[in-house]
Amino acid sequence: MAQDPTSFERFIQGIIPENPVYRQLLGLCPTLAVTNNMKAAMTMAGAVAFVLFGANIVISLIRNLLKPHLRIVIFTLTIATFVTIVDRFLAAYMYSMSKALGPYIPLIIVNCIIIARCEVCASKQSVITAGADAIGQSIGFGLALASIAGVREILGTGMFFGLRVMPLTWPDWVIMVLPPGAFFTLGLLLGTFNLIESKMAKNKNKG
Amino acid sequence: MDYFLDIFLIAIGAALINNFVLYYFVGICPFIGVSRRIDMAVGMGFAVTFVITIAAFLSWTITTFILIPGAPISSFIAGFFISKAEAAHIDLTILSYIVYIFAISSSVQFVEMYVKKFFPVLYKSFGVFLPLITTNCAILFACLVIMSNVAGVENPADAWGLGKALTLAFFGGIGFTIAIVIMSGIREELEFCDIPKSLEGAAISFIVAGILAMAFMGFTGVDSGLKKAMKSKDAALSSKLHILDSESQIPKYLKEAEKIEYLT
Amino acid sequence: MEKFKNNYIIQAWLVVFLSLCFGSALAGVQLVLSPKIEANKINETLAKVPELILGKEGVKRLAKEGLSLKINPRIIQIKKNNRIISYKVFQAIEKGKVSGWVIKSSGRGYADKIELLIGLNPSLNKISGLFIIEQKETPGLGNKIANLDFRKQFISKNTNTAIIASKTGATSPNEIDAITGATISSRSVCSIVNTAVKDLRSSLKKNQIKPI
């Protein structure tokens, strides 16, 4: 069997080579739902990062005690607890944002990214590696959300983080901030990602 | 009459106007993953509809009888340890997410065993999808919507009954089925199309889904038109007003708020 | 048999232990944060009341004089078509006199629910302000109902006649200009306001708390 990846490899892998959204197609529900403006997208990325980090650390700490047939129960229990904490925290300190995100915060529980990372990495490797993995994956997820939210907010409202970036004559493409825009943006960005990758692979083969 | 109008509007809203997949983006993973063939899509759709209705029943029951402040079971149990008046304020909604996710996964297991034993034909058509939908966001989403309409309302009289909760869940599942079947029909045809290499697979599916979402946007506003058409008949009755009590049913936090003096 | 039972508990000890840990963690979170969340919920509407009744200038004047508004929130229920409908109402009292009312109401808009606050003068015959708390109308069209330009049309409208959103520009005093391309959203706001005022006007007059 191949050597398990080191902490640094795990960290790097999460950002581009194993990007949770573009490469693994995981966690698509928040990716589409909360990306009509940057603020909501970044809050969501932060919440996912906290839950992923917390769950990875806890699972990694108890990895030697896990029984194979009970591990999914423990993963779910851990994730649901951390999600509840994030949810209450947002309601207490960022009330308007918590209202805007609504049910998508509790839906982090069934976000496949977290349970996949617990299964693939945290239940097998040390705390440091699991932590690095969580940070890498969170950055990858955050970048993916930022790319989609950036495109949608700029084209849809002419703003970025609520500040005007397009000229005032820009006709807002309202469709981009509505549900169909989410699908179009993700589809086209995914295509672009594939295109760049195949070009790079070709260049490598030639060289 | 009004009650049935409400039920009807919830059903139309969940199935078409605010379609679970194309408006709320829940259940995207099976929508993209299991929509290659129509027969599989139909099986997945029915499995989700089935489980979502059971999960809605469970979550409504748990929320109403255990989780919300003043729920009968929790205040009865707490009544043994603390005074009755204090027991009525026990709020367990912080546990709701954990409870729902376990209710969903255990009901999925149970349904799978039951269907396998007693309805082998049914099991053959959608049994394989049952374990997959434990982590389907659509199920948890339905539970959360029901919770916000039971526990989140300001006045106990506005809380949803079981009928409304089941309607939302069942028609949400039907909406999911409609979306996934249409999608799989399109994807079967897409197999014969010449798609740019980089868009093959998931990417083109998302673009198709975007066009579908645009089509479903056409349903927006249908319900207000329907409501108007049905309301005009009994509008004459609405002039009769009665005043009920105003003090007795104020929630606790509001009573406290009365003491607040607002400083500008 | 005894051994069998033990076996189950031993196998699940980690689950039980973790549940206890997480349960106490959540209890801690609840204890620390729940007062803050409740306060947020109340402030969301309460903070808007003075401006809706007195207007921006009125609030400034109040601050200058160092006075405060006393606000009585309560729930009023009415029975209509054999159905109980409840409204949250805020009664504002300044210097021992009722200075106005704010009604919280909601209704179906074009895309989703619209939730709003309506400010009324003490005798309940004029609108003194309107604020949209929550709406999910079409961005760029329907969501303009939350803009001041649209909302200020309602100020000092008489409530004895229903307010109508006109597509072609307001002509009579009880009409307002509908937003271009969002007639349904504009009409929804008007109908929410009309219904709430009609439902509550008589009951509020009879039921007011005597100012102290």
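Each chain carries a letter (A, B and C) given by its place in the written order, and its residues are counted from 1.
Methods note: a contact is a pair of C-beta atoms (placed from the backbone, for glycine too) under 8 Å apart; a residue touches a chain by one contact, two chains touch by 3 or more.
What you see is a predicted model; the values in this text were computed from it and never measured.
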item	value
Central chain of the complex, centres being mean CA coordinates	B
Identity of the chain that, by mean CA position, is farthest from chain A	C
Between chain C and chain A, distance of the C-alpha-averaged centres to the nearest whole Å	34
Whole-Å gap between the CA centroids of chain B and chain C	24
For chain A, residues contacting two or more additional chains	77, 81, 84, 88, 178
Multi-chain contact sites of chain C, meaning residues that touch two or more partners	26, 29-30, 34, 41
Touching two or more other chains - residue numbers and ranges from chain B	94-95
Chain A-touching residues of chain B, taken from the complex the two chains share	22-29, 32, 94-95, 97-98, 101-102, 105, 135-137, 140-141, 144-145, 148, 196-199, 202-207, 209-211, 213-214, 217
Complex interface listing, chain C residues touching chain B	26, 29-30, 34, 38, 41-42, 46-47, 49-50, 59, 62-63, 68-81, 83-84, 86, 88, 108, 110-112, 184, 188, 199, 202-203, 206-207
Chain B residues within the chain C interface of the complex	2, 9, 18, 91, 94-95, 154-155, 157-158, 220-221, 223-224, 227, 234, 237-238, 240-247, 249-251, 253-254, 257-258, 260-264
Partner chain A, residues of chain C touching it in the complex	11-12, 14-15, 18-19, 22, 25-26, 29-30, 33-34, 36-37, 40-41, 44, 134, 138-141
In the complex with chain B, residue positions of chain A that touch it	25, 28-29, 32-33, 76-77, 80-81, 83-84, 87-88, 103, 106-107, 109-112, 115, 175, 178-184, 186-188, 190-192, 194-195, 198
